[in-house]
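What follows is a set of structures for review.
Two complexes, one shared chain (subunit A), two partners (subunit B, subunit C).
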Partner chain A sequence: MTGFGVELHALSVRFRSTAALDGVTASVIPGTICGLLGRNGSGKTTLLSTIAAFRRPSGGSVRVDGEAPWENPRVLAGIALVREGGDVPDVRVSEVLRYGAAMRPTWSGEVAERLLGRFDLRSSQRVEHLSRGQRGALAAVVGIASRAPLTLLDEVTLGMDAPARYACYDELLADYLVHPRTVVLASHLIEEVDRLLEHVIVLDRGRVLVADEADALRARGVRVSGEAERVDAFVGDARVLRRETLGRSAVVTLYGDLGSDARARAREKEIEMHPLPLQDLFVHLTDRPGSAEGQGGAR
Partner chain B sequence: MSAASLGTVRALPSSTWRTARWLVGNTLRILAVVGPLMLVLGVGVAPAVVALVAQAGQHQVEAPGSLWSFAVEQAPGVFTLVIAAMTISHLATHLAFGMTRRSYAAAVVLSVVAIALLLALLVPLGYVLEAAHFRAYGWAHEAPDSLALALLTSVLRTAVWGLAGALTAAIWYRFGGFAGVIALPLTAIYPIVSAGMWIERADALGAPEAAMLVGLIALLGAAYAAVVAGVAVKARSV
Partner chain C sequence: MFHGRDPIYVQIADRIRADVAEGTLGEGEQVMSTNQYAATYRINPATAAKAFADLVAEGVLVKQRGIGMFVADGARQRLLAARRARYFDDVLAPALAEARRIGIDGDELVEHVRAAMAGDDATAAPTFPAPTEATLTEVEA
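Right after this comes the complex of A and B.
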């Protein structure tokens, strides 16, 4: 087993009258890459900030590697929270790397230097002169080269162009495979990070909507299409996220366990079954009733 | 956690020491430029300007006694601002690199005292250079009787100013702008206390006054640690 695990129990964080996190209970398994998904304002950043002891919880508990992280030198030394743009000193890039080497016991200078080249960053550049995308790339360099037992990446790729984002995912995965640790990845770009994720926590309005293995979650999202009456009969009691009709045909998005014989039954009734991409499943699960996206016959 | 899986795990000095070194190192870089500049302006340029103005107006120069003493009096005020900005901007970095608030507060107190000591070294140097420059103009020079005492006074004074700046900035960061405004008089704590102790001259510090200033430094350091202890790191604007 490698990396730090995280246990959250009834965790809540309040900002005056607003509950940013409300009774969050979930765990992150050590040595896995966990996706933290949620819409804007769902509480992702607050959750990561609380795990990294950037702020105190208002209620409930956080345990990292079995201990509360707040002012805990052993635990904090193993946590790297990398926010968009990175919390790096405003100096030259080369000095940021020297700072990382001086402050992180697990820092890999070799990885940091290699990643600078991969992201086209020059060590002589000053941080304040970097573009938003370059700052994101530098934050990613720091996050990966830190090799912290618990690496929390909060929307690090925002602002990066597509090649830089894919380079970031590839490098993270490559280093993770050689040096496994726990990674929690918060991102809006679910299609891009989908392939990395082993576990997923979906937050919605400060609460945990889903927390499961990524494969199990993917298996629960299905889109079925065919003749409307047959589709409705096939669906039975499964949870319908969305239903669209076109003439006599219907396309229904489902969430839940359809049983092991679902494929055989679908073939029998001439119904087509397609797995739902994680992003589509996320969109449907976090859809707001009454919003523009929520229209269209969902029941 | 398997340490081997994460590559080489190096033993590092305490995080207080590492951060103090970083803060002092960064300030030294500024000081490497500002220090000589202060000496050139305060000891070299200022007397030359006085002489030029007097010459242009065909006045008899009234010996200024010391212009460097004015720079020495004013410098800690600027130091307060530098320390306030530096300590607040580095707090999130310190935490993001896996260290505690406690170690940060200790590092800040250590750094401010160390930087105050380094800055204070300029004080006797300035008086010595100024005396030589004044001699060239044939002016009488007034310097403290004891440069060692002037140095000690400068260390204590600068440390009080610096910690007051760090504390005010921390209050502003933790409790918001209104609390920060309320805390602003803290930055004037040295003038208030020194007026109360009747410290008029740089070499007039006695043992009781020095002890009081050391106590004040300890008090400001403890207050800084208490404010930073509960601080939540704010969201980052990119």
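Right after this comes the complex of A and C.
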């Protein structure tokens, strides 16, 4: 099994008068790891809950493996949504795992056991006695061991310390390589998850800001520097996210396609070109209008 | 492991090119699979696959269905030729420009180059195949 795909069409979710999701159209390709990025309150959790049919759409549609997930046992058996808090009642760790095994036809007890050890969890521990990081780790164990065709991880690494977070990324990737599946990873630790991602969806205030291949997105974020006039000529009509000058030289942060000959042109004009880390690009793109720095320059 | 200047798949491709050019990766030798790359460098396997696709398109690697990726015959010579072709523009030109800026003259440069190359010949075992007639005339020209 290579995983379930997800198709979202004009999806809206409203809470009374506020639109948590507003016309979201995007897809997740089966068998890929997709990053769901967005600032706090951008709708990431609502989107994942709606895909997992914890929530019903107010408008538009969700398709998982070609079908609406709402009250659809076949599809739901293949969706594992785990969240930072773990969403588990006050039971022992062993019971959480037993529940996972009973729910998931794809569950691997062997993986669960090994990961418990890796995260220093004991099956006799009660969930309420776990620290925040340990609860996140337990959620990660459940998420990975489920081997669900659609695995949705909602900020599971939030309370974990750095070694635990990296262990989580490594284990997820290692198991994904052996058992490919579709993974949607919501996180705002973009720098850390960056290299795991093949696709990226950026949500901003309930709407899709960008949905693309991660490499294509990375290629569109560029920082160029050099002699100011040359830099401005080189930039042309690409969208400028930020411009700084220092004496006669300028550093310009761009978003857009500079063309396949950009490197050669840059070298000719003695302009340095650096790709923008995904995290920086995200910060620039989701910066609020009115906050001066995000809006500099022409489109 | 990776620097921030180029996309990761470009860096992977560059490293494989360098390994082939320098003979660390022999012709006909199998390269790591996308999954091995992904696990070793902790990256998405699609990123590694992209590097391989570029190298196959360039003729550095050949794909044997169901078996894996191998270094193509003649890849080393082709890469070396390409690197030699770029050497004067990419490596030497900036060094000469800097020499000009700081006032090192041609005689001093030539003297230094002669001494350094003579030292190389005497001590270091060459990593690269000895220059051929063609490259020698190119240098003199």
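Just so it is clear, the second predicted complex is superposed on the first by the 289 of 299 C-alpha atoms of A that agree within 3 Å, B and C clash if a C-alpha of one lies under 4 Å from a C-alpha of the other, contacts with A are read in each partner's own complex, and residues count from 1 in each chain.
What we mean here is this: contacts are C-beta pairs under 8 Å (C-beta built on N, C-alpha and C of every residue); 3 or more make two chains touch, one makes a residue touch a chain.
Note that the structure is predicted; figures quoted are calculated from it, not measured.
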### Superposition on subunit A - do subunit B and subunit C clash or fit
fit
### Query
After lining up the shared chain so the two structures overlap, which partner does A:Ile33 touch, if you call subunit B first and subunit C second: first, second, both or neither?
second
### Message
Let me test your reading of the model: by the given contact rule, A:Thr286 touches which partner, first (subunit B), second (subunit C), both or neither?
### Response
neither
### Task
Report the partner of subunit A that touches more of its residues: subunit B or subunit C.
B
### Query
Does the superposition put A:Phe4 against subunit B (first), subunit C (second), both, or neither?
first
#### Entry: Partner chain(s) touched by A:Ser42 [first = subunit B, second = subunit C, both, neither]
neither
### subunit C versus subunit B - closest C-alpha approach in the superposed model, Å
15
#### Entry: Common interface positions of subunit A, toward subunit B and toward subunit C
none
### Touch list for subunit A against partner subunit C, complex
32-33, 169-170, 173-174, 177, 195-198, 214-215, 218-219, 274-275, 277
### Task
Could you please specify the touching residues of subunit B with respect to subunit A in the complex?
1-3, 5-12, 15, 18-19, 22, 26, 89-90, 92-93, 95-103, 229-230, 232-233, 235-236, 238
### Query
For subunit C, which residues are in contact with subunit A within the complex?
4-9, 35, 38-39, 41-47, 50
### Query
In their shared complex, at which residues does subunit A touch subunit B?
1-4, 30, 45, 49, 52-56, 65, 71-73, 76-91, 99-100, 102-108, 132, 135, 146-149, 159, 179-181
